[in-house]
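Shared between the two complexes below is subunit A, which has subunit B as its partner in the first and subunit C in the second.
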Partner chain A sequence: MPESELESLKSRGRIVVVGASLAGLRAAETLREKGFKGTLTMIGDEPYEPYDRPPLSKQVLLGMARAEDTALPRRRDIEAEWRLGVPASGLDMAGRRVKLADGDEVPYDRLLIATGVRARPWPNEAEGELDGVFVLRTRADGAGLARRLEAGPRRVLVIGAGFTGSEIASACRERGLEVTVAERADAPLVGALGGVVGAVAAEMHREHGVDLRTGVMVTRLEGDAGGRVRAAHLSDGAVVECDVVVVCLGAQRNTEWLAGSGLGAGPRGIACDAGCRAFGITGIVTDDIYVAGDVARSPHPLFGYQFLSLEHWGNAVSQAETAAHNMLSDSAGRRPHIWVPAFWSSQFGVNIKSVGVPTMGTEIMITQGSPAERRFAGVYGYQGRIIGAVTFDNARWLDFYQRQIEATAPFPPEFSNVDRRPEGGRPVPADFPDPSVPTHGPTVTLSGYSPADRRMTFTPARN
Partner chain B sequence: MLRLVVDLNRCQGYAQCAFLAPDVFAMHGDEGLLYDPQAEAAQRERVAQAAAACPVQAILVEDAEASDA
Partner chain C sequence: MKQGILSQILDYANRANPYPLYEELRRTPVFHDGEGPYVVSTYHEIHGLLHDPRLSSDTRNRGAAAGDPLAGQEEGEGQLPPSFLKLDPPEHDRLRRMTNRPFGPPHSPRRIDGMREELRSIVKGLIDGLADGRGGSVGGDGIDLVEQFSYPFPVTMICRLLGVPREDEARFHVWADTLAASLDPDPDADAEQREKVTSSARMELGMYLAGLIEERRKNPGDDMLSQLAAGHGQGETMSTMELLSTAALLLIAGHETTVNLITNGMLTLLRHPDVLERLRREPRLAVPLVEELLRYEPPVQLLPQRTPLSDIEVCGVTIPKGAPMWLVLAAGNRDPQRFENPDRFDPDRKDVQHLGLGSGIHSCFGAPLARLEAQLALSELARRLHNPRLLDDPPPYRQNAVLRGPRHLMIACDDVRP
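So, the complex of A and B:
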């Protein structure tokens, strides 16, 4: 019997993974685990082997671990050819080649794109280059910022109170550093969790001595004669003297290298089907190009088949595993990526976790515990069903809520087995800001229904 | 040297790891967990015990000497 195309791919095909971070690594491991014996090339723009990013805003800034020591443990040997420190610069879909910035070209039979996101830089380039101005995304960013915090700055200014900004502020306070947080919305975390939870987060900031300024924008960063940042000017006229500034304005998707390639890639990510296969700009799905991790946007059956972009650690792992499985499967053997979004954050001594898509929620109901005690669970409702949940120091309940979301349980919920206090038990508006005015950027982006949609605008979470 | 990562989506703050390998895992607040992503080889036994004891199997460890090829 002649060898099938799939069998020959498995035994001597060429698989190229662009993006050597969490998703790329876990995909590569899965490919080998599923019996891929051909050549595997890992292309990464950073000169390091895959490392873990969450510790950069936590352990590393607290001085408990070095940014250099965050390399990810391997599940198995992947026997890959590594092309690190060289970004991909183009894709030839017809010729099945990835072009590299150094001029090289790498041919593939199957391609996985996991190029992720990068920190959105400070919009004024000259100000962003002042000494003392940081973003926090890469190992190098983490090492530089940790060194600066170690030196004991007089005041740190964090611009943007999303998860990263809040974690940085928390680490600064834990180290006894003065910190100001400037947020354009009315409270921290509102983009991801809404105003009700944001109000709790604002109290946490203030209780821990953060100088939290909300409803303001930073209009200008000012340097001294030596090119070091010395102050920030706010839209309300205030001036904050600071010697370290951390810009936490969310992320940008690394898709520029695909411009003109014919792939459905743009500022909102790369559209793929539920099986991780990338769409071309024609809206036709490709057979040989797959996407995983932060750069992907894919339709989710639990959330109305809307295309979701998820900047979540767990999504990267799960989507990478699914993509790798599907890369080596025929059409009947492929499976959908139906991971339920979940994330965590640790700040001001509180463990914040979430499942589902809170940003779709129009209402929230505190179902357990008490926000005043910083220990509670809340569920988000959308069109009469539970769509998301959040816990503050109540993680053990999260599985329960995940099952409710998966079962599309009704909202408001009627649990007889959980405690209720006067402040809970009643749905109230979840109070998300107008999504057309992104602040620090939510970690789940709803981006409508069109696979080839390349517009920059945000799809409102409510309609 | 050991590399480790904890799947903090899975972790429920049971603290078995912090009890068994306190130099590598520490509770931070009531249920948050901080860990050293690169631990000394001398911690090998303890980290292995912690990984085995974690009720949700959230800890992944790699003995990096073995695979530093």
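So, the complex of A and C:
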């Protein structure tokens, strides 16, 4: 019997992974686990092998771990050819090649794109280049910021109180550093968890001695004669003197290199189907290009088939495994990536976790514990069903809420449970800001129904 | 059905091997026969229920007419307030958090590891005792591993953990034995007499602990009781009554269970001599082996005290608010939907997320200590007993169907290695 295409792919095909990230690495490991014997090339723009990001805003800033020591543990040897420190600069879909910034081209039979996201930089480039102004995304960012905090700055300014910004503020306070947080919305975490929970987060900031300024924007960063940042000007006229500024304005998806390639890629990510196969801008799914991790956006059956992009550690791992599985399967063997969004954060000594899509919630009800004690669980409701949940120091119950979400259980919940407090008797508005006013750092982005989304301006196929 | 399956499970005649009954039980994942408890026996359902905030561990939430054959069988803590095992949040969380402060991370990350040498020397002493106990003829009439090893070990441990002075340990053992026996009533004995002995033991133990707490308040040491008594300010201090019921909980929860884990462990090893031999050569096998043991022969077979606070639906069955429930951990641990070849004892099993120590907020508080005790005990027994063999298989079991384990485990061996 002649060898099938799949068998020849497995035994001597070429698979290229762009993005030497968590998703990239886990996909590569899965490919080898599933018996892929061909050549595997890992392309990454940073000069290091894949590393773990969550510690960068936590242990590394506390001086408890070094940024250099965050390399991801390997589940197995992946026997890859590594092309590190050279970003991919283009894609030739018809010719099946990835172009590299150094002019080289790498041919593939199957491609996995896991280029992830990068920190959104400070919009004024000159101000962003002042000494002492940081973003936090890469290992180099983490090492640089940790070194600067170690030196004992007089005041740190954090711009944006999403999860990363709040974790940085928490680490600074734990190190005994003065810190000011400036947030456009009325409270921290509002973009991801709404105003009710945001109010709790605001109290946590203040109790821990953070100088929290809400409802303000930073309009200008000012440097001294030596090019070092010395102050920030706020929209309410205040001036904050500071020698370190950390810009936490959320993430941008690394898709620019795909411009003009014909792939459904844009600022909201790369559209793919539930099996991780990328869409072309025509809305037709490709068969040889797969997407995983933060850069992917895919339709989710539990949430009305809306396209979701999830910046979650667990999602990256699971999606990478599914993509790898599907790359080596025929159409009957492929499986969908159905991941209930989940994330965690630790700040000010509290472990915050969430499942589902709180940002879709219109109401919230505190079902367990009490926000005043910083130990509680709350569920978010949307059109009469439970759509998301959040816990503060109460994570052991999260499985239950996840099942409620999966079962589209009714909201407000009809059950009684342990630790229901009087204030938890009824739902209240979840108080998310108007989506047209950007806040900082929701970790789930709902990005519409169409693969190419806002980029549906039709560009004729090149060939 | 000839005899109801629940009464068969409780029937002493089936104590040595209840697993075929559990297999039958799993065919009805939520079993209910009219007036008894709602019995859940499949892995995923039990796991889900242990993380379900609609279930209470506080039996005061049970309806008046709740018919549970196990109710009232276990002895209460007398005059003491309920321990956190039987409380729901927020009281549960507050007491458990305070108890954990001097016990485990983040505040006391080194407590358990710091006890390793002490555990080792207790194990050494007890195994040395097996050799000289019977005038050198180790094989003679045999050794009762329960009496001579499994039983004394955990009590000594708890004494050291709590900070009971060495000279008082012997008295402590007597009380602990009496209380443990009350968990396992001999149906033929004089019930009234037994109750008298039990309640006076409980009383004496309580008075003793109260005195010790007073003493530790004045002269604190670095033991757990001193640190619990000192408290931590801002409502994070236990009352003396709470402290007493917590100390009693640690004693009782950590005693019978550990005895059974070690005894079940040795019994299982003697039934699988190849694994015993491997353990002798690679003591590190003890770590995965103890996990597999907690799956295969869990000392706590079922949790009898959950009650739903609302009507809940599990596998299509509505369990009404206030009804008694049993979660049969030992049946879930052998659920073929969850574990491959569940009836095989396989210490190399990769996927061994068992229910033996519970799960969720009530998951075993003493787990790190229990694991370490069993690992050290089994690896040392395997290393030092030369050619050990079972004299009695199956061994005689205790009455108790919940905390199930052999009453005696008679073994012989050629020699005790140094």
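Operating definition for what follows: the second predicted complex is superposed on the first by the 452 of 463 C-alpha atoms of A that agree within 3 Å, B and C clash if a C-alpha of one lies under 4 Å from a C-alpha of the other, contacts with A are read in each partner's own complex, and residues count from 1 in each chain.
Note that in this section a contact is a pair of C-beta atoms (placed from the backbone, for glycine too) under 8 Å apart; a residue touches a chain by one contact, two chains touch by 3 or more.
Here the structure is a predicted model, which is why all the values come from computation and not from measurement.
Q: Examine A:Ala377 and indicate which partner it touches, taking first as subunit B and second as subunit C; both and neither are also allowed.
A: Second partner only, subunit C.
Q: Considering only touches as defined above, state whether A:Gln368 meets subunit B (first), subunit C (second), both or neither.
A: second
Q: Looking at the overlay, does A:Arg220 come into contact with subunit B only (first), subunit C only (second), both, or neither?
A: A:Arg220 contacts neither subunit B nor subunit C.
Q: Figure out whether A:Arg396 sits in contact with subunit B (first) or subunit C (second), or with both, or with neither.
A: A:Arg396: touches subunit B and subunit C.
Q: Look at the residues of subunit A and decide whether subunit B or subunit C touches more of them.
A: Higher number of touched subunit A residues: B.
Q: Have a look at where A:Arg75 lands relative to subunit B and subunit C in the superposition and call it first, second, both or neither.
A: A:Arg75 sits against subunit B, while subunit C stays out of touch.
Q: If we overlay the two complexes on their shared chain A, which of subunit B and subunit C does A:Leu62 touch? Say first, second, both or neither.
A: A:Leu62 contacts subunit B only, not subunit C.
Q: For A:Arg228, decide between first (touching subunit B), second (touching subunit C), both and neither.
A: neither
Q: Could you pull out which residues of subunit A sit against subunit B in one structure and against subunit C in the other?
A: 375, 396
Q: If you look only at subunit C, which of its residues touch subunit A in the complex?
A: Listed in rising order, the residues are 48, 51-56, 88-90, 93, 309-310, 312, 321, 360-361.
Q: Can you check the complex and tell me which residues of subunit A touch subunit C?
A: Listed in rising order, the residues of subunit A that touch subunit C are 367-369, 373, 375, 377, 396-400, 403, 414-419.
Q: Please name which positions on subunit B make contact with subunit A in the complex.
A: 2-5, 7-9, 11-13, 28-38, 60-62, 64, 67, 69
Q: Taking the complex as given, what residues does subunit A use to touch subunit B?
A: Of all residues in subunit A, those touching subunit B are 52, 54-55, 58-59, 62, 64-66, 69-75, 77, 313-314, 317, 342-344, 346, 349-351, 353, 375, 393, 395-396.
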